[in-house]
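Across the two complexes that follow, chain A remains constant while its partner is chain B and subsequently chain C.
So, the complex of A and B:
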């Protein structure tokens, strides 16, 4: 299965992936319009310090602790993609307690959110990868 | 191959998913004394809070049993295991044969024999959907509710009903609330928060006696109430196994979830687990452990190889928007931080042993990972990670494995 992988040395720390992610999840057509005055809360997030930067988003683990630990059944693996059913989620945050990458977070609606590889919003390559100007994140099969 | 699973909650369902990873055809029979489609048990407080519905709180979709070719016997009680015949007996006398049997019988509420309990008319426990339905029906705007037990169950129940009744008072023998997962500083923060919402507490004392709708506390103080909830804790539901094998704090199992009886497995709240963060065997009545044990049991029952050796306490709980995440054991040196946003306490030696987070909980799972995988703190930037969990604190090589390697 194709996943998002990170090439840390090529990350510019430009945060464009975060903006593309936020845009993809607005469901709007025009990026500038969609993000105008919006305080973004993307599912991919840059960690940065002392000149080092890299993007972190869901790894779509084969043994997903978040799914196993989910007390409501809201997190499920569908053909390898870990998705969240926001209607079922009650925001207990057991997944945040479980994710070893820190890739699940609380959303504005009081439930949790995470990268779903744009399967709900955008066919093909996830928007964050499309928008990365330096191939610091790639969408590929690595076994 | 005929698999029989007693229990229709997290561990039982996980076992089905475990079995079906390798055996697509074997017959699976699930038996539960509850009459309901599998539901997310910890969500019963959210049901009373009206943050979910019975439909939404189904643990798996309506077609789960059908898709996984399971025969389901709901509202059916198992009365005995007959290991010599490799069968179980139901309350109606029928027998069902098994090749592999899983006990996923969960836990049952512990009922403290308080003198006078029999005289109380409106008394409830809080463990099942039926408990929640009954309690929900009894609630009214003027009801005075007395909850015995300021632990996870008692306080989630209190949160669930607070806005629907006149008052809620929680009594607990421990000096602080949530005494199984919080230190005194943490307990104080959460208690203040709950008091601001209108909850009342009588701590450091038990109930000496009950007389109809009056409770007399150890201090002599008397409290009138309309509804009484017993929430002092749970005990493993081990009666079936007790008749055929030795039990400890729960049903003893090895890392493959095998009991001492051939072809009989156990998983979830009915077992006792080795807590890797303290090295002690204990009952860990937690959904994540139940799932992982159940899944492992299922894989092994179907002839696969799965080892579950990562059990430890971990709890994510929240009250009126305040998140409380804890994991591991509270042993060793401590690092703590308290500010206007919340509270953090880490417990560590060479490894991280445990943590308490109240309020900010971002990336808490990275701390859980350090405990679960016994990551030596010397291999990472501990000064950084103790302030802010993140992958930045790991070495570049380790990060490259985590973010560029094949997923775990």
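So, the complex of A and C:
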């Protein structure tokens, strides 16, 4: 299965992936209209310190702790993509505690949010990967 | 604050309706033009620091940015232009020589743009390159002038070492130091994939690039940086650099602050020491001296590699080329006055040297008149901008062209001409670690391959139109060229007729 991988060597810390992620999840057509005066809460986040930066988003683990931890069955693995059903989520945040990558977070709607590889919003390559100017995040099949 | 004599050349125009305050402009500008104002949650710009490199414009996700020409003006004066006045103010401020980067940007005639190409009609049918074979391969080096046979009458192999190229294009000399490791890697990988050559420039060859040796031309310049036996033997050819089109008669100076880490090791000089290339080679004061260096290098590499001698196009270029052809060099490379540079004194760059079109025509004619044209191949550079420039150069007599600026443009350069400041926002002409990584060679080499693949298609298309199916048949074929708006003298030097004749 294709996943999002990080080439930290090429990450510029430009944070564009965060904005493309936020845009993808608004469902709007125009980025300026969608994100104008909006404080974004993206599903991919840049970690940076001492000149090193890289993007962190859901790894879509083969044995996902978050899915095991979910008490309401909101988190499910569908063909390897771990998705969240917001109607089922009760906001207990056990998944956030159990994710070793810190890739699950609370959303504005009071439930949790995480990267779903843009399967809900957009066919094909996830927007963060499309928007990365330096191939620092890639969407590919790796063993 | 002191009096500010020089106004900003550009203005940063931000469409606040489109700006989403993502701050990518701020993060990507090494000149610190953009700033975030937290209280107002908006961006502001200090255009006085802007060099117009377009990094922010290219990366702005909502296309909210535009760099426009500042229209702050002094009283109009045809003699004292705004630019001239600014340069004077700058020197009155600093007391220093003006520095510039990349090629001559002044308004001199561009002869390539005054030359038109021929095409076949009716009597000599054109060729469709999509249906019929079309040859763009070239060999560079000294051609065997006569057929020799041994006592049994069998042909003797008297061929001298040659460079084999899939198309008549090479990447010109740009040193590791003046451009980044990633830029070099992009050039090396593209050369390997395309079956052409790149040139190390005078900064030595990083050991990581030894595997690309068969696509590498190594340079021996007046500073002799990084020259050792393994370096010479690693290469496909060796180039002796006498001069550079951007700064004929001038040496080079890579400041000590760029001589860091691997660059110091590759150049074989201590970290932090200035890399000064003298104006002349201190052991070359005549063609005989040049010949000694040519043969020293051939001796060191067992006569297996062609030797190139590179000169800037200057007034007596034809006579100089004739001398070089007789010195034992296999290839002459001529760099026109529009050739690029990482740094040159502005006055030299803008006022010294001659156009490559005229130099090439003069050299080709002189070598043919003297019957020594086959002894050498001629490579020209100094602002080859497109496939048509290449076709015109080949028809004027060149065997191959060097491209430098065009290659850097493919890597992202926007010709802001600030290389000498060392803060290239595109990761090309810099050694600052966080700027370096902006050029990912995986992307860069593909863009170079794309560019030259496109140019090769165009060259084939143009040749097909002329009814020519091999680049060898185009070489020196000046009947395929006609001048427009050129005077008698210019036509005579170029050796072409006027359109309509």
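Simple rule for what comes next: the second predicted complex is superposed on the first by the 143 of 143 C-alpha atoms of A that agree within 3 Å, B and C clash if a C-alpha of one lies under 4 Å from a C-alpha of the other, contacts with A are read in each partner's own complex, and residues count from 1 in each chain.
Assume contacts are C-beta pairs under 8 Å (C-beta built on N, C-alpha and C of every residue); 3 or more make two chains touch, one makes a residue touch a chain.
No experiment lies behind these values; they were computed from the predicted model shown.
Trainee: In the superposition on chain A, see if there is space for chain B and chain C together, and answer fit or clash.
Mentor: fit
Trainee: For A:142, is the partner it touches chain B (first), chain C (second), both, or none of the two (neither)?
Mentor: First partner only.
Trainee: Quick check on the superposed pair: does A:3 touch chain B, chain C, both, or neither? Answer first, second, both or neither.
Mentor: In the superposition, A:3 touches chain B alone.
Trainee: Which touches a greater number of chain A residues, chain B or chain C?
Mentor: Partner with more touched residues of chain A: B.
Trainee: By how many Å are the closest C-alpha atoms of chain B and chain C apart after the superposition?
Mentor: Minimum over all C-alpha pairs of chain B and chain C: 17 Å.
Trainee: What is the shared patch of chain A, the residues that chain B and chain C both contact?
Mentor: Shared contact residues on chain A: none.
Trainee: Under the definition above, what is the set of chain C residues touching chain A in their complex?
Mentor: My answer: residues 17-20, 22-24, 27-28, 41, 59, 61-62, 64, 433-434, 437-438, 440, 442-443.
Trainee: Which part of chain A faces chain B closely enough to touch in the complex?
Mentor: Against chain B, the touching part of chain A is residues 3, 5-8, 47-49, 52, 54, 56, 59-63, 65-66, 68-69, 71-73, 87-88, 90-102, 104-106, 110, 142-143.
Trainee: Inside the complex, what are the residues of chain A that reach chain C?
Mentor: 9-10, 12-16, 18-20, 23, 31-32, 35-38, 51, 131, 133-136
Trainee: For the complex, give me every residue of chain B touching chain A.
Mentor: 14, 40, 42-43, 46, 51-52, 56-60, 287-288, 291-292, 295, 314-318, 321, 323, 325, 327, 361-366, 368-369, 372-373, 384, 389-392, 396, 399-400, 402-408
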